[in-house]
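What follows is a pair of complexes built around subunit A, which joins subunit B in one and subunit C in the other.
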Partner chain A sequence: MSGHPSSLQLPGPDRLQPGRFALTTIFAGLSVLGIIFSLVGALVNPTQFAYSWFYAFYFFFTIAIGCFFWTMLHYACDSEWSVVVRRTWETILGLLPLFFVLFIPIGFIPELRQVLWQWMQPIHATDHELTLRSGYLNFPFFYIRVLVYFGYFIIAGRWYWKNSVRQDTDGDPRRTRRMHDHSYLALVIFGVLETFFGFDWLMGLYWRWSSSLFGVYNFAVCVQASLAATIIIIAILRSGGHLKMLTYEHFYLMGKLLFGFTIFWAYIAFGQFLLIWFANIPEETIFYNDHNRGLWKYLSYIIIVGKFMFPAIYLLSQDNKKSLRALTAIAVWILIMHGVELYWFIMPYAHQNSIIPSWQDFVTLITVGSILGLAFIRTAARASLFPTRDPRLVECLNVTN
Partner chain B sequence: MSESPLVCPVGSGQMPKKLYAVAAEFGNPAELYHAAEQVRDKGYKWWDTYTPFYIHGLDKAMGLGKSWVGKFTLAGGLLGLTVGFLLETISSVYVYPMDTQGKPYFSLPGFVPIMDLLTILTSAIVSITGMTMLCMLPRLHHPLWDWDAFTRATHDKFFIVIEANDPRFSEKTTVDLLREIGGTNLTFIGDEE
Partner chain C sequence: MADNSLLPAEPAHTSVERHDDPPEYAQARQELIREPYVTNNRSAAWVGDHIASVVQNPAPLWWWIAVSVAGGVASLTGIGLIYLITTGVGVWGENNSANWAWDITNFVFWIGIGHAGTMIAAILYLTRQKWASGINRAAEAMTIFAVMCAGIYPAVHVGRVWFAWYLAPIPNANAIWPNFRSPLLWDVFAVSTYLSVSIMFWYVGLIPDAAAMRDRVKNKIGKYFYAVLCLGWRGSGRQWANYEFCYLMLAGIATLLVITTCTVVSSDFSTSVIPGWHGTIFIPYFGVGAIYGGFCMLIILLVPIRQYYKLQDLVTLRHIDMCCRYTLLMGLFVAYIYGMEFFIAYYGGSPNERYTFYDRIRGPYWLTWYVMMFCNCVVPQLFWMKSVRRNPWLAFGIVLFPSVGMWLERFVIIVSSVHRDFLPSSWGMFYPTWIDIITFTGTFGVFFLMYLLFVRFIPVIAISEVRSVLPEANPHAAMYHKESSTGASHE
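Here is the complex of A and B:
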């Protein structure tokens, strides 16, 4: 590429030591406490628990699936800038089996799953609309799809993680080649699976409603949230003295992408609303009716301003994208808004008329978050925090834009 | 009557009547990059580099500040947003109100696509206009075009040109600097009077 010489001195492996990382203890403690409280919640109020647990699960699952997309995009484009960041994504991909475990309570316990996905209730079995949709909404097919989603993401995710980690020891450039070759198909499969788990789990919360733009919407949610999460994880690792080789050039690149995907989310979320608003068909508009009742209406305005307008204006400035502190601040904000948006999406089905936050919402979010955080630290500690022998490491360290 | 030529190689003993700049040729991007850093460090302001392709980081090596184009884009975007909003509001609320599917005359969601597209269109037009103005384009002629060797700036050679109206310019030290940093084919370029 450009001719100016690159520093050929490569940094050595950068390993996380869980024992010396304060978050390890915090996460361990919180996950134990959280599991106890969640169990209490599940016994006291199973309906609320189902919604809260699903909310927490989906909040983190979107982030993990977004990381799958970023990894594939990195390989498909032969990106240089993202080499150092990539190990963070791959570590998260290594956590996907855990996501399956976290899905079990809501996915396989009949009392909880039928709270969330009401088409599963026997009472609706004779519903005319449901019988018309029963080709898709039936138990065997639902579980086949669940297995396909998790099966594919777990296998592909671990394959990428393993190959990348093994390259640290053998330095074989053919691994990069192989991962590149598989990434195109993986992107296509990702697109299909991401669309359908969005249909099944999120859109399926109200089975009479459907939106043709929902797959892209789910994608926009995943990608924006996962990039914000990546920036936060990197900021935390850096404050612990790791990944010091990242410069403002890398933050600037991530900031630009975060800006782009913030606009993209707004475009898609608004596009979905606009199509439904224009067509004005009761089967479709019912979604926005249900999500704008009572206090929920104000939450939708908060999302428009907080998830689109404010971050978009904030990220217009180059200085805000180039400084890690400013970028982390907006990434935290975007992740909070991601939580608000999912809350606005999921919870009106639990409390139709007004916002009634439950203690369980916070408990499940903290529980799932700290279990995953702990697993992240453990997985990350098994390898260097960046790919030490990636063929494009030098280009990544000297990236300019 | 012998006119002094417009292009005079350094050392030929001739000088253009009205000096525009002194130019030097470089063989590859790395040389140019480091040469640019040294010209920057000497404090020159009126100078430029010419390359056949984009060289990452060269703007920093040249000490260029932030581009002004972004300001034009923002201004254009805000203009387009306002124009789009007024265009829709005035026409569908005041001038020609029409009942469409029983929706209110003032239906902001329906206005958004036009506002969005006008924002993009206007900001693009204003950015390009602004960039052209900042580059002092269009122009009919440039003194460097009289120099035959310069045609390779679009092919395989790299150039640094330091203009004579730079406060630090001197026929001696500037030429010495360009030679010192590895420039070859040093040439005085003259401007027509």
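Here is the complex of A and C:
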């Protein structure tokens, strides 16, 4: 970008028109078909449905929560580079009420929820191990927490999305200041809530096992996946002729962050494993025993190579980070690996001795993905695809690193 | 149909600021303008002259007083060590259940501060935090001296110090057979590697400034000293290109290394099965604690130096503000970690684990836990207020609390976890002896003495790096920053 920034011609609002976006129809069709097939699955094999639906839900929920973190981080750091990317995150925050709806089948239907979180089964009511934890693992408190998680993320996410979109019209810089001021507390609350929903839903799949690092691990999963998803969404929007003002500087920045958080994920995931393996306490090692039985062991190896080694080496190259095509390729790969990791985490509880993929795994993933994809397009269409009057927009367009 | 009512209808424009903006926007716009890294419109020449003057001018009286006091305090460590070596480790307060106590508490305390300096400098450099140019030299120097203080403890605690060389990575072919499964060896390997890389990182950053000093100093010995130090630096474009690439590489290596070293130090504890030590949260625990203690120490060092050497335009209120923010952030992280430890002790259901944490708050060492919580988790909350963060001496006073708190944290982790072990008949208490106390007190003298010498002979702020963030170095970016002359940070 040459010349003084004030001479820059700022781009006007960038609208997404759902009617002219091919994915709209595809997502709509898949949503309808997916819901029908999911219902069939729930009737035919409810146990498998519970796991498959939870898997699909958690796959996308981690991405949405990661986007919450990125938005808050943007405001807290008062950063300039992410202004044009931010609307994508905010749009995803606008989908959080839908996540609550998607949680209802597994969270509120007794037959399904007790498949996932076995401490809810009446048979365990008198289990001594459970009574030791009953101050935390009990129905009322579980649902209070569920409401707090969704309530906070929905309200805060919506508030940020609204303020940002309204700024497109009034250009009020006080909104930026206000969002900046609230972001610090939002990050603190985010840290606590993402830890506990990780405990409740993911770690809670086997309630006898616990790890004090699990909240950080859950965070690492969310952040890496959400950044990969952001890159993919931007690539799709650009292929449709949008967000053309992003330069290789922006891709480079996202590539560097993706590299950093890939290493961070590996550090946390490996550290957790190392300490448990080294101390060799049966109550702790049982988790890794269960997840390395039979064919599951090979999935562990795939995760080590696929989610850490390969992306880390690939992203070392500056060229791969600066090219959107190359960056998107690795983002897709990382997102696939995110799916593999969650599959490795969740499904051994459904099929202990071997990997037995079910058609429901794919159907639920496509269903939830299509519903969210459609909602994303409709929410994105309600405003410009980037904040047109953000006070840091000029800096963002001129960013160098 | 989607609701398009929120879409603005304006055409393309050149600025987000409009001529018809209401007047109430003006203040927010003013607040959004970035502050300068160097205040009062200082030129590149002034930056060089002013930083060099700290070294070139005769040492002020306060420096001589401070050196004398620090030297006197440092001698306490010398006395403590001589007495220890000539008598034996029995002069320390360790006993049968608390067989890890004072010495490793002090080791972890100093190594934490040691980790922080390089971590601050390298990570902030990698993440392009330009404000850090004003503090990174001071932070890196802090690393080296703190690691030296830390290194005293593993070396002398072995009892017969003349056998300490067994800890060196001697090939097994020499039949010395170091025990590679011992955490003591991990520490020696990790810390010695870390010290080497930290010195290298610090030294490489110093080269252009050493050359600047070579060209400035008049006396022959000084000229010779800086000429050797700068490795024949001439400042050509080619040298700069190689230098910057090298520095970037070292920053990357140092970042990985510092995180690894923190983790190795924490694994001294966490790989065990001792309740209170074995927790997976220990993976990031010591790194977070290190940065926390490090930022506190950095504020303690910077506030007097900027005041007495009149460096307020270079280490501005913004720098102090940023350091306070990081201190607050790290304070929140350690609070999170304390919370997780307690929660998992409860949730895990292990009676031993539960008792250890109960003992921390209700056992004989309860006071250390409460003081630690107050210092580390309560006091830093004052940094939520901008007026506090921008008051250097108030910030100085506040960070003294977490500095004490971080020492107590290590004491709580170590002593309160082992003084009551699995066998109640062997339960006991640890009390430090006077040798313990003077040896530790003296390390502060060692640290500050070396730091004062550093300030006297090496430019305390990286001249070349500060120059690179001046508006002169990047005129196109000037419009985002407040006019330096209006920068309000001059006290």
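Just a few scattered comments:
Simple rule for what comes next: the second predicted complex is superposed on the first by the 394 of 401 C-alpha atoms of A that agree within 3 Å, B and C clash if a C-alpha of one lies under 4 Å from a C-alpha of the other, contacts with A are read in each partner's own complex, and residues count from 1 in each chain.
Operating definition for what follows: a contact is a pair of C-beta atoms (placed from the backbone, for glycine too) under 8 Å apart; a residue touches a chain by one contact, two chains touch by 3 or more.
All values reported here derive from a predicted model rather than from experimental measurement.
In the overlay built on the shared chain, the residue A:Gln318 is in contact with subunit B alone; subunit C does not reach it.
When the two structures are aligned on the shared chain, A:Arg15 is found in touch with subunit C, with no touch to subunit B. In the superposed model, A:Leu335 makes contact with neither subunit B nor subunit C. The larger set of touched subunit A residues comes from C, when the choice is between subunit B and subunit C. In the superposition on chain A, A:Asn401 makes contact with both subunit B and subunit C. Contacts of A:Phe278 after superposition on the shared chain: both subunit B and subunit C are touched. Once chain A of one complex is fitted onto chain A of the other, the partner contacts of A:Thr176 are limited to subunit C, with no touch recorded for subunit B.
Of the residues of subunit A, those at positions 3-5, 274, 278, 401 touch subunit B in one of the two structures and subunit C in the other.
Interface residues of subunit A facing subunit C in the complex, by the touch rule stated above, are 3-13, 15, 18, 129, 132-133, 135-136, 165-166, 168-169, 171-174, 176-177, 184, 188, 191-192, 195, 199, 208, 210-216, 267-268, 271-272, 274-276, 278-279, 281, 283, 378, 381-384, 388-395, 398, 401. By the touch criterion given at the top, residues 28-34, 55-58, 60-61, 66, 70, 74, 101, 103, 109-110, 112-113 of subunit B touch subunit A in their complex.
Across the interface of their complex, subunit A is touched by residues 2-4, 6-8, 10-18, 21, 24-25, 28-29, 31-32, 128, 259, 263, 267, 270-273, 278-284, 332, 336, 340-341, 343-344, 346-350, 384, 476, 479-480 of subunit C. On the side of subunit A, the complex with subunit B involves touching residues 1-5, 270, 273-274, 277-278, 280, 316, 318, 400-401.
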